[in-house]
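Below you'll find a set of structures to go through.
One chain, chain A, appears in both complexes that follow, with chain B as partner in the first and chain C in the second.
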Partner chain A sequence: MTQSAITEAPVAGPDVPVARRSPRLRWILLAVGLVAALALPWFVYPPVAMDIVAMALFAIALDILLGYTGLLSFGHAAFWGSSAYVTALIATHYGVPFPVAVLGGAVFAMILALPIGYVSVRRSGIYFAMVTLAFAQMVYFIGYQWSDLTGGENGLQGVPRSFFGIELVETESFYFYYAALPILLFGMWAAWRIVHSPFGRVLVSIRDNSQRARALGYEVEKYKVIAFVLSAGLTGLAGGVFAISHGFVALTELHWTTSGDVVLMTVLGGIGTLWGGAVGAFLTVMLADYLASSGFHGIDLVTGSVFVIVVLLFRRGVWGTVRHRWMVHRQRRLSSRR
Partner chain B sequence: MSAVLQYVVQGLAAGSFYALAALGLAVIFGVLGVVNFAHGAFYMLGAVTAAVLLDTLDLPLWWSLLVVPVLMFVFGVVIERLLVQWLLRLDPLYNLLLTFGLTLVFVELVKQRYGVSGLPYRLPGGLQGRVDLAGVVLPRYQLFVLLFSVAVCVLVWLLMTRTRVGMIVRASTEKPELARALGINVGRWVTPVFGFGVALAGLAGVLAAPFRAITADMGNNFAIILFAVVVIGGLGSIVGAVVAGFLVGLVEAFGQAYAPTFAQILIFVLMALVILVRPAGLFGRQEATA
Partner chain C sequence: MMSKRIWAGASAMTVVLLLGACGGGGPGGSGGAFSGDKLVLAVLNDQSGVYKDASGPNSVKAVKMAVADYQKKYGDKAVVKKIEVTSTDHQNKPDIANTKASELYERGGADVILDVPTSSAALAVANQAKTHKKLFLDVSAATTALTGAQCNKYTFQWAYNTYLLATGTGTTVTQSGGKKWNIIFPDYEFGQNMTKSFTTAITKAGGTVQGTIPTPFPNENFATFLTKAGSTNPDVIGTMHAGGDLINLVKQFNESGLKEKGVELAVGLMVINDIHSLGVEQFAGTLFTDPWYWNMDAEARAWADRFLAETGNRPSFEHAGNYSAALQYLEAVQEAGTDDADAVVAKLEGKKVNDVFLRNGEIRAKDHSVVHDANLARVKKPADVKEPWDYEEIVTKIPAAKGFPPAEASGCSMKP
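Here is the complex of A and B:
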């Protein structure tokens, strides 16, 4: 019976956990994830490893909206990119340690998200996606036109990586990874806290039945705006680290394809699974890196095809499928024991 | 004065691309409940097809205006049957994502085949040059685009209001539940309507071919502005799509004339204002707050 409920479910489908999740398994998984994050640059080229973790936080931040609030933001590049620019500008002009610059970028992303969220939450569902996309395009044009500040099509180059008095040069990406990892892990922890807090429960109730949530006295719009701003802030953390890691910021970070990429990561990992975003980011970044190094041009062809296939055949996503199988398995075991 | 009139014609000509394509987007949304992200890609494909037909078969614009929409109709029907139909019963966001993926694929394929520099398009002799209308000098083609697309919009309007098929489609677009309750089989119209909407996007592309740089990326920004257009007009409304299309064209033209830096940004500001004042759009029905 849960089977059909999920296949027919909306994007932000309630993946109803039938069997109670075991807390022991949760701690084991968290430990595995932490070890994986710590070990990643030993197995993957460190700048790529940094991309994976930054994108993972980006996808997780998006899932707060898509999976837990039922809002598909197609404009998150605006927060990712603007934080990247602000972080780079702060780091370049003030020479502060990079975590401070990243924090500045994230705060800017939240400030930007406030008016955009305020207007966008007046429309829900499909309209929300279109409106956020349009606003992100507006931010893109501002970035494009304001070339005195953003460098226009050249972007910002030579962003320094100072870490409390230590200058981490280009070749020290391995050490930079460990310097930046705590920021991103903090972001993921914050996302996890948000969705499991009483506030997060209200978001889920808005996703499942906003009229009922309203009838219960919750100010639905206010909750949506807060979720939007929080998601933008976490996105900003990820975008800022990304900018410092690469040492430059390009207009691509504000482009609508970036918004699309992160939606793909979230959907590929599994909507409403939170950690699925990390799985999606890992697969997407590794695939892109592999294709780029094998001399294949036209990554969009692959990205687009993956999008089509996932949406048509694999809507639960990787992590969502694993979790679902596990739930079904546990459910069977529980009922056979009775 | 003559400058203002020039901008008006320029804006309405630019707006006619938006109006035609938005009309297609609106009927698709109305009958299928699908926001077709690939609408900009279909517009691009229309322009590219026209350019290729001119290059290989020496098919002039006049014929392209007829042939390309037919080809795009068939293409749209194939896409609907192969892909879109499987997701119709699910949340509309899935079809948005599907058509987003298709956009990436189409744009990349065209890029691989025809490169990133624009394809050439030469106008038929009769449409070159300028005309002098009571002291206002206008490019002949701009005037043609404007008249042609107004004619198409009127034709579509007549089709929608005067024929049985049109009334059914209109009823299915604007009040799908009521149409079903009256015994209209809304589902039967799904495939042809999708093809029809795609054909309109393709037609806009053909019209734009001599006017704009024909590149794989020409539809990307177009699609996003199209979204702003239908949000301004009200997504469920056919009249709204057309009126907002021309309105956005005007905003763009006057923006480019008086504040070129902000021309693109103005459109999105207009969208924000409409959402704040009339969330359902200028011609939209007030949706239940969900």
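Here is the complex of A and C:
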């Protein structure tokens, strides 16, 4: 059984996680990931480190839809941005500790996702992408026009970072990172649980053959809507933390380019790999930060070129390619042993 | 067995890192009168967009001139030997300005941030200055909120504000017959604040504002907004745009046929580079407020000659303002003997200053507005232009007390 799964894995492409059949490797990888997340602000400027982890959860949340349900959402900025605004508004007006505000933002994103998802999942492929984009643009213009609430072009400024009166966390971004990290790690854990649950398996079956899934008695649309709402909720967690970290929310968070950026990160890391999103976020944010601090203005040009190269040469994405190579290697070793 | 050992190793590492994070991490303090044994002046402005010409890279050069002048003046007596000037692009976006300002203070070791056009971006930087307790001398942003509702101990507004522009231009144009106004404004802090200030000034002078029309910022096509503004037959269309947006709008206004119908265009904020890039004939006769003009007197002209040699351009008031802000900051540091923000603020507050830029200048302690004499200017006719950049004729001086709102009315409270 184990043998046949490994033999088949490379053919199945990036769908079956490598660590699945090898618990030891899974634990090592998880430990390495955790250590990397904990060590990040020691090597990277803390606010940038926070951006990386928030974007990582954003990309992972998108991957639930893109990689595991086969739905390319091009409107996730709506959930990222609206959660950022709601989080900031709660934090500004009620002065609650920031995790509470972030939770409020995530809940709002899920509520918003329900009608959008309900309408959108009736279409698939490019139509789904366009419908979600259209909804996201509507949310953008609401944010733009309702300037009494959102500040319009000026954005929401001076969002407080309350945390039970612990001043170190409230003022130093280094300590704030460790206060906010658990929220994001929880989000990643939840994504992992969703994908590896029976529910997640159903999603994959819907992606691969929705007609057969329907024939087996699964309510395909309902599953899709639930996946959409869960993805939006996790996106909301990330967006909320991002807003608190910056102490500022601008219309950029709702803009369609944000939706594009996160798709880019997910594809760069590897679709359907979950953790690939984190790799993609790390590479994209670090690259942008490096280019910006070296005074280079054509950031989009470089990230765009990288995207094209990845799509043409490493279709599985960075993480997907690494995983694929590893599986081929293992397979060879096992067959030679045999 | 193997897995257990690795797992144990990994968890041990995690614990060590966690402990380290709780214990020794974070930014450390530094001794001495100067953090990092140097002074860092960070210019944060538009290096690539609509406000590039009015300020941009040449403001960085102006700040460098101030540093050179400071070093020349004090020589060995200078309290700090190593002075760096850095330049960062904020693309006129408040979120980028917010992130960059935080980075400059934390990672770049900046002691002061200078310039920052785009009012929404400037407000974001003011917030960061307050958080990090470091100085922010704003030159190119005009919103009165910087020295009003959102003022703070570490933020100063050096050159001008929307009140000055409105009192100068709005009042004068209304009194000379332009009673019915329609205002077109870019829909962000600057435009909104300008519209408010102009409406007040126009109403006070006996005029009426028929309508206010917001446009996106930045924007290319103003045709629909101009048509809408012209539809109520106003005497004056007031544009609150600046930089590249203003140039586009004026071009489109001149082509729209509104001029022939007798509609006058009043410009809320004009910088000499706008006249330079569009040509004097497009603006001839336009009245506007200029906080400083390079040819207004011998002292200004002497500095403008140096600036011309340095950059190949005559300076705008924003360039001169940056020079002045950097120079007065350095003087205050020299007096304080440290780059500690609180000590420098104490030296700046209430100081009366006269320099290349500031005439009858005072750094008001109450609201951190730097008030000074400004000018009401008229754009020359092409025939009257005698040399390159000779575009303005000073109509009258606007004394500091009249051009700036009284400190009591600012609504500023320095308490955190």
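Annotations for the structure displayed:
Note that in this section the second predicted complex is superposed on the first by the 313 of 338 C-alpha atoms of A that agree within 3 Å, B and C clash if a C-alpha of one lies under 4 Å from a C-alpha of the other, contacts with A are read in each partner's own complex, and residues count from 1 in each chain.
Keep in mind that, in the parts below, a residue touches a chain if its C-beta (ideal position, glycine included) is under 8 Å from a C-beta of that chain, and two chains touch if they have at least 3 such contacts.
It should be emphasised that the depicted structure is a prediction, and the values quoted were computed from it without experimental measurement.
In the superposition on chain A, A:Phe141 makes contact with chain B only, while chain C stays out of contact range. Of the two partner chains placed around the shared chain by superposition, neither chain B nor chain C is touched by A:Leu103.
By the document's definition of touching, neither partner reaches A:Ile52: not chain B, not chain C. Shared-chain residue A:Leu38: touches chain C; no touch with chain B.
The larger set of touched chain A residues comes from B, when the choice is between chain B and chain C. Once chain A of one complex is fitted onto chain A of the other, the partner contacts of A:Val121 are absent, as it touches neither chain B nor chain C. Of the two partner chains, chain B is the only one touched by A:Thr303; chain C is not.
In the superposed pair of complexes, A:Ile60 makes contact with neither chain B nor chain C.
Shared interface residues of chain A (contacting chain B in one complex, chain C in the other): 297.
Residues 23-24, 27-28, 31-32, 34-35, 38-39, 41-42, 45, 47, 147, 152-155, 157-158, 168, 171-175, 178, 246-250, 252-253, 297 of chain A are the ones touching chain C in the complex.
Listing the residues of chain B that touch chain A in their complex gives 35, 83, 86-87, 89-94, 96-98, 100-105, 107-109, 111-112, 220-221, 224-225, 227-228, 230-231, 235, 261-262, 264-265, 268-269, 271-272, 275-276, 279, 290.
Partner chain B is touched in their complex by these residues of chain A: 8-12, 72, 74, 119-120, 122-127, 129-131, 133-135, 137-138, 141-142, 145, 210-211, 256-257, 260, 263, 267, 297-298, 300-301, 303-308, 311-312, 315. Interface residues of chain C facing chain A in the complex, by the touch rule stated above, are 2-3, 6-7, 10-11, 13-14, 17-18, 20-22, 25-27, 47-48, 89, 93-95, 98-99, 102-103, 106-107, 120, 123-124, 127, 131, 187-189, 217.
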